[in-house]
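Quick heads-up: structures coming right below.
Presented sequentially are two complexes of chain A, the first with chain B as partner and the second with chain C.
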Partner chain A sequence: MISEREKTKRKVIVFAVLAAILIVISLIAPLIIPNDPFETNAALMNKGPSEQFPLGTDRYGRCILSRVLMGAKTSIFSSFTVVAVTFVIGLILGLLCGYYGGVLDGILMRFADLMLSFPQMVIAIAVAGIMGGNLVNAMIAMGITAWPAHARLARSTVMKVKEEPYIAAAKLAGCTDFCIMYKYILPNVFGPLLINATTQIGTMMIGIAGLSFLGIGVIPPTPEWGSMINEARAYLSLSPWAVFVPGAAIVITVMVFNYFGDSLRDYIDVNGDSNG
Partner chain B sequence: MDKEYILSVSNVSRTFKLIDGEFQALKNINLHLSEGEMLAIIGESGSGKSTILKQIACLDTPNEGTVILKGKNVTGKKPADVCHSMQMVFQDARGSFNPRMTFLGTIRESLKHAGIKDKDAQIKKAEELVEMVGLNKDVLKRYPANLSGGQCQRMAIARALAAEPEIILCDEATSALDVSAQAQIIRLLKDLNESLGLSVIFVSHDIALVDGMCDRVMVMKSGQIVEEGPIHEVLSDPKNEYTKQLISSILSIKDEPITFAS
Partner chain C sequence: MKIKKVLALLLIACMLFALCSCGKKEEKADAHLNVAVSFAYQALDPHLDYCGWNTSMYGICESLFKIDASSTAKPFLLEKAENDGTKWTLTLKDGVKFSNGNKLTADMVRRNLLRAAEVNNRFEYLAGFNYEVVDEKTLVVDTRELLPTLPSDLASPELGMIDLDSTTDFVNNPICTGPFVPVAFTPTGDCEVKRNENYWGGKVTLEGAKFFYLADDESKLYAMQNGEIDVYNSVSAAAREVYSQDPDTYKLVTIPATRLQFYCLNENRLDDSLRRAITLIIDKDNLAEFQNGTVSTTDGPFSRNAAYGKVNVPKTDVAAAKELLEKDGYKLNGDGYYEKDGKVLELKICYYQARQLPTIATALDDQFRKAGIKTVLQSEEDPDATYVKTGDFDIALYCMIADKAGDPYFGLDAMFRQSSKWAIGGFKSDEVETLLDELKVETDTAKRAELANKIVQLVVDEDAFGFLGLFTKTTVLRKGVSGYAENIPFDFYGLEATSTKE
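Right, the complex of A and B next:
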């Protein structure tokens, strides 16, 4: 009989491997693509899967498999970057607010509440719309709306940890505030916060793909899954593969990263330890 | 007058704001500690014993009153300002250590702030300290989760000694331990008091535990000191009704015949 701990451990390993495979594919995409993802051919428009084009072509005759593989790099790394940057910003702000409290905490957290009170996608569309449509602006737009959730969680976790007796003991050992935050609080809050961040990768991917789908994200012809769906949606009846393939890529990637984050959280819950 | 004592607490009051009003945890507390003295503070849960220790250790600031340490007013100062003179041993010994840090890391941190900057000297001193509290130096490589409650409490005392303090504050330092470990910790504290001349404030709710260990006792109830004096005098001839109740409750438990349900 497999224990609950072992089951969750296996889940973590399976989804970690799948996530790693996706990351590796996105990294080596330029080496494994069967065709040039930018090469157009009027004679090959909206063609179905064939030996030369395993997943068919789009309305410009471009290889969909090559574009999906190249799009993986854009989608996965833009999501990773936004989550990583917002996680670090949220962590630092949450750490400072949770530890010191007072006026700084009041101002920053009310601002975070304000940001959280708006639907994330609405603000992102407004920001991307004002700044103009390209990948960097789409990432900034998503980042502006993503940091408050990280900061809020970091703050509440820090507020709990700072009441632990070992923090009082560290103060009496003569540690400075920076030393306490860096050596005593951060190692004890980092694990759960990082796990929460991994569950945000999928959400971020959908957000960036959503902005690209609306035409205010990645500018064509740069391959990106959201913009690929947007480009192909008018020809859905003629070449459904041009919509389904990038759509399936988004679904699979988001599922893998979400399940990875969830299984990691379950594993830690089962073990009753914030860092496994 | 304050200079005669290593520690003087004068007219200290502490009030906490609650959602539905205020709670006065300490009411006009006066306390004096001489060099090398062992003072016990006893009382029921919620009587303010731990709160007074927090005021003394500068982990909290009183609303009124002053804390004088070695002739200097330390009221409202940071714990780092008093850590060279006093250290605290907490009730939750394991919880008072960073779970992500080995004992060596924690003790080295204390030694660094005590002025020992060289790594080798820190390790040597840490080994001396753990041996002083009766533990093997191998435990230094371990994490808090890997030691028993009694061993963790010894490590907590070793950490406290790293700062070479003159006063050790023990906040229910033995209440989470079994009887055997309690006796060992009490003996250790008594030995350190005699060999190093440490002053100790020992907070406990167990009046029997402090008997024979401390020189003087203060009895607290509802944030106030209701009785104070040499321990044998207070135990043999309590003046206050609450102290009498505390003492009689121990005696009644001891006298109660043990019966088993059939």
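Right, the complex of A and C next:
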């Protein structure tokens, strides 16, 4: 009989491997693409899957498989970057606010409340629209709306942890504030925050693809899943594969990263319970 | 039980009768047309801004002249227009009246032209003319200097006639001469019209029509497919392909038109040989292929068939372009791109999300990449407020109607004058300026064509502008629908007295 802990551990391993495969594919994409993803050819517009183009061609006669593979790099790494940066910013702000409290906490958290009170995508569209359409601006737009969630979680976890007796003991032992935050608080809040960040990757991917779909993300002809769907939607009834393939890529990748985050959380919860 | 059965049978009979009635009603062609339009304006007042385009399309307003299928401005509300030097004698047709029954008089025409001059800066010049009302039907216009293009100017939808005395709501309900009158209008939105019972031009076939503002090509396609609309023009390349696969349901009408796709090369940033290399790299035929028959390639701003469309342009020759670049000191780097003094040759191509310019930009990107030139594509929402204003481009893509009514002056004046917005691209030629001045007042058609060809040749020889394609006007009509100006190459015409829906 496999224990609950073992089950969740297996889940974590399976999804970690799947996520790793996706990352590796995106890294080696330039080496494995069957055709030039930028090569246009009017004679090959909207062609169905064939030996030369296993997933068909788009309205410019470009190889969809090659573009989806190259798009993986853009989609996955832009999401990773935004999540990593907002995670670090949120963590630092949350640590400072939770530990010190006071005016800084009041101002920053009210600002975070303000950001959270608007739908994330609406702010992102406004920011990307004002700054102009390109991938960096789309990432900044998504980042502006993503950090408050990390900061709020970090702050509440720090506030709980800082009341623990070992923090008081560290203070009595003469540890500096930085030392306490780095050595005693950070290790305790890092786990839950990391899980939260992992589950954010999928959301971020959809967000960036959404902005690109709206034409305020990547600049053409850079391959990116959202912009590929946007470019192909007019031809949905003629060449559905040009929409379905990048669409399926988004669904699969988001599902893998979401399941990975969920299984990681379940694993830590089970571990926490059994340790407790 | 029997009573129940009888009742049930009666009920079924009633339902069948009701259904039959519905069918009969539809067969009677319920004479209401549903149309999609790509632009919506703030008012129905034709004199304002570009509002006249839609007011004309809605069949509400009419101008003194109308452009026909051969792109010639013909008297419409006028019986005749006689020209003697700077003097034009305009004689109104008998019986032209507004939808309220009031007659259109020569004085009302004069007041309309002056009002348009007052509220629309594109028609300010009309205020400089001298107007003399001879009688109720005759107006003499003295343009003070020769103006052979007056008929096509007066065909502009912005110069539609309104009953200025009776109209109280210019935004929602201008009283005009067209076959239809407004019923409901939403600024920058939809518009509903009904038949003008007093139409001066005879019987109006349709009872009414509703115009839906649908900017998105896919929305129009889906609305057409599910039967919500019956007709629209400016059909996209993708939608054209879809409709052409179902000829039993849709009728596609494609005619040559005059909306021009062109580019401006920034002379302030690109030297002579680089501009020539760009001209040699661009493959117009390839760009047209990606647009699925919605454009035809062109050498100059006008159709090759027109007398004023004869110009010699260099043929695509990538090898010659590369030679030019290499002669200029550029060398291919390891990535396959040309560079000079360690700086990679990179071109900024600006465009906007309409008129298939994104398709051109994407195809150009690949053409330049293959020739060893890196590009950065920059899409802007409003070209006039961004790259056309700031000049921050190497190649600016744009689209405009170059040939308004079978005459080259309008397009050439708008593009090549030193005072035009395109002067931002650095093209300045005194010779072109002089030729444009000559063209403005030249009355001989053959000489006008000769002057126009000279002007365009000078521009082409300097590689200041390049002319990619002329849009065909494609209208899709549901089977049984006809008469939506599908044979006139301008998209500011639409609903007519003869528009029908079977």
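One rule holds in what follows: the second predicted complex is superposed on the first by the 272 of 276 C-alpha atoms of A that agree within 3 Å, B and C clash if a C-alpha of one lies under 4 Å from a C-alpha of the other, contacts with A are read in each partner's own complex, and residues count from 1 in each chain.
To be clear about the criterion, a residue touches a chain if its C-beta (ideal position, glycine included) is under 8 Å from a C-beta of that chain, and two chains touch if they have at least 3 such contacts.
Quantities reported herein were computed from a predicted structural model and do not represent experimental measurements.
In the superposition on chain A, contact of A:Gly133 is made with chain C only, not with chain B. When the two structures are aligned on the shared chain, A:Ser237 is found in touch with chain C, with no touch to chain B. Once the two complexes are overlaid on the shared chain, A:Leu18 sits clear of chain B and of chain C alike. Once the two complexes are laid over each other on the shared chain, residue contacts for A:Ala168 go to chain B alone; chain C is not touched.
In the superposition on chain A, A:Ile219 makes contact with chain C only, not with chain B. By the touch criterion defined above, A:Val85 lies against neither chain B nor chain C after alignment on the C-alpha atoms of chain A. By the touch criterion stated above, A:Phe38 is placed in contact with chain C alone, chain B being left untouched.
Annotation: chain A has no residue touching chain B in one complex and chain C in the other. The part of chain C that touches chain A in the complex is made up of residues 217-218, 221, 236, 238-239, 241-242, 286, 289-290, 353, 358-359, 361-363, 365-366, 369, 376-379. By the touch rule above, chain A contacts chain B in their complex via residues 164-166, 168-176, 179, 183-184, 187-188, 275.
On the chain B side of its complex with chain A, the touching residues are 57, 59, 78-80, 83-84, 86-88, 90-92, 95-101, 106, 109-110, 113-114, 156, 159, 162-163. On the side of chain A, the complex with chain C involves touching residues 38-40, 42-43, 45, 59-60, 133, 215, 219-221, 233-238.
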